[in-house]
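Some structures are shown below for you to check.
Here chain A shows up in two complexes: once beside chain B, once beside chain C.
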Partner chain A sequence: MRYLWILFLFFLLIITVILSDFIGSVRIPILNLLEIYGSQIPFLSNFIPHGYTLAQEQIIVQLREPEILGGVVIGASLGIGGAAIQSIFRNPITEPYIIGLSSGASLGAVSSIVLGLTIFGIYTQQITAFVFGLSIVFIVYFFALRGGKVHPTYLLLTGVAVSFFVSAIVALLLFTNINLQGEAFFWLLGSLEDINWTLLFPVAIVVLITSYVIYLQHRELDAIQMGDMHARAVGVNVERTKRVTIFMVALSVSAAVSISGLIGFVGLVMPHLSRMLLGGSNKHVIPASGILGAIFLICADDIARGIVPGVVVPIGIVTGIIGVPFLMYFMRKLTGGRYEG
Partner chain B sequence: MKVELKGVTYKVQSFSLGPLDLSIEKGTITAIIGKNGSGKSTTLKIIHGDIRPNKGTVKIDDSAVSSMSSAQLADRTSFVWQEIHSPMSFSVRDVMNVSGYLRGSEEGRMSEALESVGLLSFIDRDFSVLSGGERRLVTVAAAIYQDSEIMIMDEPTNFLDIDNQILVYNLLRELRKRGKTIILTLHDLDAVNNLADSVLILRDGKKVAWGDTRSTLTVENLNKAFNVSFHTYDTVNGSSFVGSYRG
Partner chain C sequence: MKKNVKVGITVVVVIALILGGLAIYYEDTSAKKKGEIITINSEVALPHKLTRIVSLDPAATATLYALGAYGDIVGGNSYDSYPPNESLPNVTDYPSMDLEEIFNLSPDAVISFDNYSGAQVSQLLNNGIDYVFLSADGGVNFTTIEKQNTLLGELTGTTSNATLINQWINDSLSVLQTDAVNYDKAEYNGTPLRGFYYLSSEGGYWTAGNSTFVNSYFKYADLINIAAPYDSGFYSINPENIVNDSPQVLIIDEFINASSLNVSGSPFQNSPAVLDGKVYATIADENMFSEPNFRDIYAIQWMISVVYGQNPSLPNFPINLTYNPNPNEVS
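On to the complex of A and B.
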């Protein structure tokens, strides 16, 4: 039954991707859209009629597809990361950003804007965001280490403290460079608009590999949810599981937010929605959170693109305003108000 | 499997435990009794390797617990905790699956373990909505499902009504018959008297007495361990009973 749910969600994701390809200022007929899809499939492309214009092909292939697939990759990364981090902390109000990822990535992105860095060419902002996000997680992890062990509460407090410290530096950089606030502000609220194939391809590979490694830990994460001592008592190498999971989440989410900016809510809420639908085992929660995260982010992006004609609203605003009532509704509808996290 | 403690001491803040020297034979039930805070749970955690003693060694069949990996330890021992985190939206089946981490999940064995505590029909229920007693029984079933030779249980009958307490005691007898070594803490002295092969009595971390139940569970030793006066009296069926309250 649970596998059927996951299959259904995957089917829903495919439908959402196709429908989202229709949304935009230029309307492209379904037949032409299907032809463009077919033309991208090796060997099949020779047998597909080319009834579409070059402009239509470029809009779909160069603009909409990387943006929508970027939504899939980033939403999946945040959803899966959220499920894993909530298991490690045994805390339903945590998300990947809690271990310093968001503040670190912000520092990287804002520093590159403020200092005008160009060491990695046009991708300097993305690469510095990725490197800083990852570095801050390393710092948080090593500060939280006590006698070779990381206690969840200590890790949580260290993450919060370091995040505050780094966020203060980001605020200082913005305060002293008021003319650059607009550009940085847009990054801090997140957007899928600037994602292209060159950015998306390496990030998709990183997210795919790390997500698979996180999924492989699902039994260990289930055990850790019952307490570190209990997990150890049933044979789990608790510290190795935490180390591997935290760094896989850090790699995945740092890579994801490096190309989108900060997108909140997904990592916090999608694991809850998955648990309401499929129960608590990470065997189902991890894939379901990834798929739901992808669906939710694509829909949020559709709204961000379509709500004000000609203007792309930052996606972080949409995820908050649309997402919270959506969660409240599902919490009441699916569980009769007795969901306990 | 045999469990041996040699010169074990442990100190944390103003509390100190030991020195403890115990030798627990395979296929026996050992009860640890004493007042709250006397060191019963700490002793269990030391045996299980969760707490490292300041001095002394704990061995299972001549292998030091301190040098065992979590997998080696879980292969030999299972633990029923006094408190358990209620995991997010877990069903009873999910909780049982966690205990099958080492040996793999087997539907037949899982059903058998849950059946032994009378909760097979609860297998797909949400663990968080169970009563305290039902959760306790599930954790006992999970320890049985883990199928380790040594079972360590911290007050396994907490929250249980009298029916279920007796169910657990009978289950422990059955497990002993199957060769399991059981080390547990209990507050019910009547159950200790009827169930345990050997008893360790603690007070403020110090050993009051250790040995076979008949010679250890005496009024004299109990009076040393607790702040109440124990008496021996005859029950309605003529048997002798050690108790502290006569109304």
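On to the complex of A and C.
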């Protein structure tokens, strides 16, 4: 039954992806859209009529497809990262950003904006966000390491403290050049608009591999959810599992936010929605969180692009405004208010 | 499903993604013609003149109209104000450019004054669209404006008109400066008044500092811009500096509430400008203070006329335009 749910969610994701390809400021007829799809399939493209214009092909292939698939990759990364982090911390209000990822990535992105860094060309901002996000997680982890072990509460507090410290540096950087606050502000609120194939492919590969490794830990994460002592009693190498999982989440989410900016809510809420639908086992929660995160982010992006003509509302605003009532509704509807995380 | 089968599937998917990425990268870097980034410092060597232009820059839209190349513009922006009654499709998508609309218009080039994200610019270039960047920030003066006119003239095949406009700018600046000095001598014994341009009250006292085209307005109007010594570009000035330098003339943006200048705690409250009623709102066309182009001549003319009460007589604009470029004469 749970596999059917996951299959259904996957089917829903494909439908969402296809429907989102129709949404944009330029209307493209369905026949042209199907022709453009067909033209991208090797060998088949020779047999497909080319009734579409070059502009329509560019809009679909160069703009909408990377943006929508970017939504899939980033939503999945945040959802899966959230499920794994909540299991490690045994805390329902944690998310990937809690271990310093968001503040680190912000520091990287804002540094590149304010200091005008160009060492990696036009992708300097993305690369510095990725490197700083990952670095801050390592710093948090090593600060929290005591005698080769990491206690969840200690790691959590270290993450919060380091995040405050790094956020203060970000504020200081912005203070030194007030003219660039707007640019940094929009990065901090997140957007899928700037994602292109060049950015998406390396991130997709990182997210795919790390997500798979996280999924392989699902039994160990289930045991850790019951407590470290219980996990050790059933033969789980607790420290190794935490280390591997945190590193994978850091790698995946740093890569994701480096191309999208900070997108909140997905990593916090999608694991809960998955547990409401499929129960507490990470075998189902991890893939379901990924799929739900992807669906949610694509829908949020559609709304962000379409809600006000001529304006792309930052997606971080939409995920919060739409997401919270959505979660409240499901909490009441699906569990009758008895859900405990 | 067995573990090694899952690993196998993942390996296949990863290889497919890498190959797909390489294929797209190869296609991007090989066959297609790439666009170019063009600035006033570029050596322009385009094979043909631009005939399908998207203008994200209201200053450039006005200049193209004056050059006689307005018919080559296929997409405009939400900030365009001159020429009036524009019917071009709007391709700005705040805070970005609307790439879908731009691709749909199949332009040769996009003209912009803003620093759009590198990813968006690279999308234009990868799809063979040139990106013409005209700076509007610090460092722009009338020399820059003339270079921008020349560049747009070369790109649109209207070089002779660009030369005429540049000559008119130089002649007008000469008239304005001479007249302002004479008016100042007659009215204030030749001592330049201290002036302040109040651009915005959002989050501080925003003004135009050194190395801005607005700062050069002050020079040609024989006024001292009190904000120039403290910083360059458009910035938020410390109110203590306003109080200390006590401006005698205030030029305020039309969105500044003039009554707020006189309230307790305002750095302008006891300034001679407020006490003597020398506060002037840019109601004729506030875009003259935000768009670096040939129409800035009329901004200086307006400043001189409000400060000294006399209107310098400018040479006639050299090109016959349907819409009067001088907002001071538009009723």
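Here is the rule we use: the second predicted complex is superposed on the first by the 341 of 341 C-alpha atoms of A that agree within 3 Å, B and C clash if a C-alpha of one lies under 4 Å from a C-alpha of the other, contacts with A are read in each partner's own complex, and residues count from 1 in each chain.
Following the convention adopted for this analysis, contacts are C-beta pairs under 8 Å (C-beta built on N, C-alpha and C of every residue); 3 or more make two chains touch, one makes a residue touch a chain.
From a predicted model like this one, the values you see are computed outputs, not experimental measurements.
**Student:** Quick check on the superposition: with chain A as the shared anchor, is it clash or fit for chain B versus chain C?
**Tutor:** fit
**Student:** Considering only touches as defined above, state whether A:230 meets chain B (first), chain C (second), both or neither.
**Tutor:** A:230 sits against chain B, while chain C stays out of touch.
**Student:** Looking at A:275, would you say it contacts chain B, chain C, both, or neither? Reply first, second, both or neither.
**Tutor:** In the superposed model, A:275 contacts chain B only, not chain C.
**Student:** Once chain A of both complexes is superposed, is A:86 in touch with chain B (first), chain C (second), both, or neither?
**Tutor:** first
**Student:** Touch check for A:238: first (chain B), second (chain C), both, or neither?
**Tutor:** Only chain B; A:238 stays clear of chain C.
**Student:** Is A:29 in contact with chain B, with chain C, with both, or with neither (first, second, both, neither)?
**Tutor:** It touches nothing on chain B or chain C.
**Student:** Between chain B and chain C, pick out the one touching the greater number of residues of chain A.
**Tutor:** C
**Student:** To the nearest 10 degrees, what angle do the lines from the C-alpha centre of chain A to those of chain B and chain C enclose?
**Tutor:** An angle of 150 degrees, rounded.
**Student:** For the superposed model, what is the least distance in angstrom between any CA atom of chain B and any CA atom of chain C?
**Tutor:** So the smallest C-alpha to C-alpha spacing between these two chains is 13 Å.
**Student:** Once bound in the complex, which stretches of chain C touch chain A?
**Tutor:** My answer: residues 3, 6, 10, 13-14, 17-18, 20-21, 24-25, 28, 78, 90, 92-96, 98-101, 103-106, 115, 117-123, 126-127, 203-204, 233-236.
**Student:** Which chain A residues qualify as touching chain C in the complex?
**Tutor:** Checking each residue of chain A against chain C gives 24-26, 53-56, 58-59, 62-64, 121-125, 178-179, 182-183, 186, 193-199, 201-202, 204-205, 208-209, 212, 216, 310-312.
**Student:** Sort out for me which residues of chain B touch chain A in the complex.
**Tutor:** Residues in contact with chain A: 48, 50, 69-71, 73-75, 77-79, 81, 84-91, 94-95, 97-99, 101-102, 128-129, 146.
**Student:** Please name which positions on chain A make contact with chain B in the complex.
**Tutor:** Residues 86-87, 90, 92, 219-220, 222-223, 225-227, 229-238, 275-276, 279-281, 338-341 of chain A touch chain B in their complex.
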